[in-house]
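Below you'll find the structure I mean.
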Amino acid sequence: MTLIAQTALEAVEGIKDGSTVLVGGFGMAGMPVALIDALIEQGATDLEVVSNNAGNGDTGLAALLAAGRVRKVICSFPRQSDSYVFDDLYRAGKIELEVVPQGNLAERMRAAGAGIGAFFCPTGVGTPLAEGKETRTIDGRDYVLELPIHGDVALIGAHAGDPMGNLVYRKTARNFGPVMATAAATTIAQVSHIVALGDLDPEVVVTPGIFVDRIVHVAQETP
Amino acid sequence: MTITVTLDRTIEHLDRGPLTRDEMAQAVARDIPDGSFVNLGIGQPTQVGDHLSPDSGIVLHTENGMLGMGPAATGDDIDTDLTNAGKVPVTELPGASYFHHADSFAMMRGGHLDVCVLGAFQVSERGDLANWHTGAPDAIPAVGGAMDLAIGAKDVFVMMSLFAKDGAPKLVRKCTYPLTGLACVSRVYTEHATFLVGGSGVTVVETFGTTVDELAGRLDLELGLIGS
Amino acid sequence: MTITVTLDRTIEHLDRGPLTRDEMAQAVARDIPDGSFVNLGIGQPTQVGDHLSPDSGIVLHTENGMLGMGPAATGDDIDTDLTNAGKVPVTELPGASYFHHADSFAMMRGGHLDVCVLGAFQVSERGDLANWHTGAPDAIPAVGGAMDLAIGAKDVFVMMSLFAKDGAPKLVRKCTYPLTGLACVSRVYTEHATFLVGGSGVTVVETFGTTVDELAGRLDLELGLIGS
Amino acid sequence: MTLIAQTALEAVEGIKDGSTVLVGGFGMAGMPVALIDALIEQGATDLEVVSNNAGNGDTGLAALLAAGRVRKVICSFPRQSDSYVFDDLYRAGKIELEVVPQGNLAERMRAAGAGIGAFFCPTGVGTPLAEGKETRTIDGRDYVLELPIHGDVALIGAHAGDPMGNLVYRKTARNFGPVMATAAATTIAQVSHIVALGDLDPEVVVTPGIFVDRIVHVAQETP
């Protein structure tokens, strides 16, 4: 059953200290900024954040980090021109970092959502990111064993949602949202539009409502 | 995909070179077969797109979830929901499609892309790639899609300057920087020459403003010649 | 999902039973919480759908790629592109969605469905399920989605007759037929009684037209009583 | 580059003896009947067929089997009320059978298309279908190691395709098509409609053209 929350703060209610939080978005596209802001207000701390980046400038994920709420970041690319909040915390030893190749990040969450216990992946074989991991040659190719990444909560951005929780996305803002929705115990989506039941063509639904627990309408600058 | 190499062309071009970055991008573009599915890495490789003919049937993939990516967007065409992997606003061509990150990287990892063009710190003679980490102890590690791209296309082309700022060759016997992928690069495009790597070692395809002998003197490598 | 059991109801219903198949389907339907995502197996379990109230918010999944499946289609509503897992034409409810087979089974395997209702040859006291193969040496093996369904819902309910045609109990200490899944069944609905299985063994929830003692005499099992 | 073939026979050109052929469809929904008929005419033999079922009645897959072209079937459910062609061949020892749970069939092809070397799957643990396979306990749950199923060729049915090879499907006829398209070296789709480039909304494409090598228009009874 999907709850239509009235405010972003209501949508993030109950997120516990110590949670693993999957945060969608690639750059600003698909970034659930209102939900992150609400999470800062909500107060949960000691979080493990899984996201492609580790925050930009002073807003969104960077603000959550700056507020001292994040114990560990699992991401593919923390270092950016404006990732100074993360950079400072990391250099000061105040935050843990697990760097994961971008496709493995997606596939490990996909495995979590799909009930796969582990998978042999060719990415990163022979590199420092495979160190300490089991490797195996299958059919003449080398693979590294990768484990699922489960979230307690996923915060994602989508274009439109209906009262069943079905979601559609816009262009490359789709990115991590559909995967994270499957990988978390509780998925919370901020959507630019809430539409009536039956208004989404069943053929074009990208995230079926079964994966979505709460949605909240947040006006966004893109259509 | 088989890369066809024209064997009757001159290897040493002494009348031009070293190539500009734009000329290097042009050299890469010329070697991408019509109808290929191609991923252009962030930075310099993106410039290759400027030299692909619209009627080549080449389709660009961006790992953040799109096939059929068009040129960079300007003015009113800028849409913050539509960017390339470098987070630069881009456009959509007819016949495009969108998909999520797991599907996008499955497409790469599954070997469905024909060519990927990447930058590099170092490439080894057997095609090992180092392009994600300088190994500096104080650097914050960040890999992005580099390792996925390295193993995720039938052919990986590298575009890079042949020498580092300190003059050290970047095409080497063995990479000293942390690796991105093993034996994954097939071609290396530099301002001084284009090389095939992997398999039987390093083969010079063309030189620009230098002779093969001069190059051999500056690289600690056995150089074969194309067609020989 | 926690199945709430009403503890103050009478366990032995001597005034009615054994239940008809339709009454068994009704008993299952009554125990499915509002708002659940549910997969109804092929055959008898499909009948459970007839007893789900439209305002229950219960959403039906069919493993051939749909959520929000409606009742069987008749007349002009029949569309050969829209069937359930039993290949029977069905309808689409508002809020439905379609997806491919890998996504559909990922949804099941990932534990996103609340309840799955299946038929069975045998169920063991610890919840092992045998429902795909009789073990007959000349039978052609065919599993379909049985094993995926068995491990693919938070709760697996079984609907079956309590005794085989030869009188042998189908609720047993240990399955003798080839297994479909281990320790996966939580509830067993039969014409004579409803049982909880797994964990601490077999618990009688309700009987129909028989006493617990009579049942115990016909089953080679320790029977606990709900609420005791 | 996607070829628009003029006939089903042209579409199946070049399929070699000994090929592994993935055949889409679940019941008749999504079944590429015209392509199977063309394959019978084309003549390739000693085939390994991967499909959910093993043919019904005397047409389609059953006709291919009856023509003696299939060495082995990998499927989840061969036995049906009208699978007498398969049943007779199997009982006569004239065809090999590998029974795979339906979700594993889909996931093993998905792994093939996604470059995954193998995966630990909870389905079938402790059952006869896991016998002889490696098992492992991960995070307290038992899993069986499953290997990818690669196809030389996939024959699938879709609703509409464009000149890039992008495909959309109709309702539950989607089933195995999108997965098989990713898992085969050559994917051939019969479509009810060929539309102009740009006529498919990029947001609703289910199978991107990169996975599709040839399409052919075949009028079908559903819209």
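Lettered A, B, C and D in written order, each chain numbered from 1.
One rule holds for everything that comes next: contacts are C-beta pairs under 8 Å (C-beta built on N, C-alpha and C of every residue); 3 or more make two chains touch, one makes a residue touch a chain.
If you're wondering where the values come from, they're calculated on a predicted model, not measured in any experiment.
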| message | What's the minimum number of touch steps needed to get from chain B to chain C? | response | 2
| message | Can you tell me which chain lies farthest from chain B, using the average of the Cα atoms as each chain's centre? | response | C
| remark: Two candidates, B-D and C-D; the one with more touching C-beta pairs is C-D
| field | chain B and chain D: spacing of chain centres that average the CA atoms, whole Å | value | 35
| field | Whole-Å separation of chain centres (CA-atom averages), chain A against chain B | value | 30
| Distance from the mean Cα position of chain D to that of chain A, given in whole angstrom | 33
| Tell me, which residues of chain D touch at least two other chains? | 107, 110, 114-116, 121-122, 169-171, 202-203
| Residues within chain C bordering two or more other chains | 66, 92, 98-99, 106, 108-109, 151-152
| query | Graph of touching chains, which shape: line, ring, star, complete, other? | reply | other
| Touch relationships between chains, expressed as pairs | A-B, A-C, A-D, B-D, C-D
| Once bound in the complex, which stretches of chain C touch chain D? | 62-66, 79-83, 87, 92, 98-102, 104-106, 108-109, 128, 133, 138-148, 151-152, 178-182
| message | Per the contact definition, I'd like the list of chain B residues that touch chain D in the complex. | response | 34-35, 37, 57, 59, 61, 66-68, 92, 94-99, 106-113, 151-152
| query | Hey, which residues of chain D end up touching chain C in the complex? | reply | 26-30, 76-79, 86-87, 90-91, 97, 99-107, 109-110, 121-129, 142, 169-179, 206, 221-222
| request: Over in the complex, which chain A residues touch chain C? Could you list them? | output: 1, 110, 112-116, 162-164, 166, 182, 197-198, 200, 202-203, 205, 208-211
| Complex contacts: residues of chain D adjacent to chain A | 107, 111, 114-122, 136, 138-139, 141, 143, 147, 168-171, 201-204
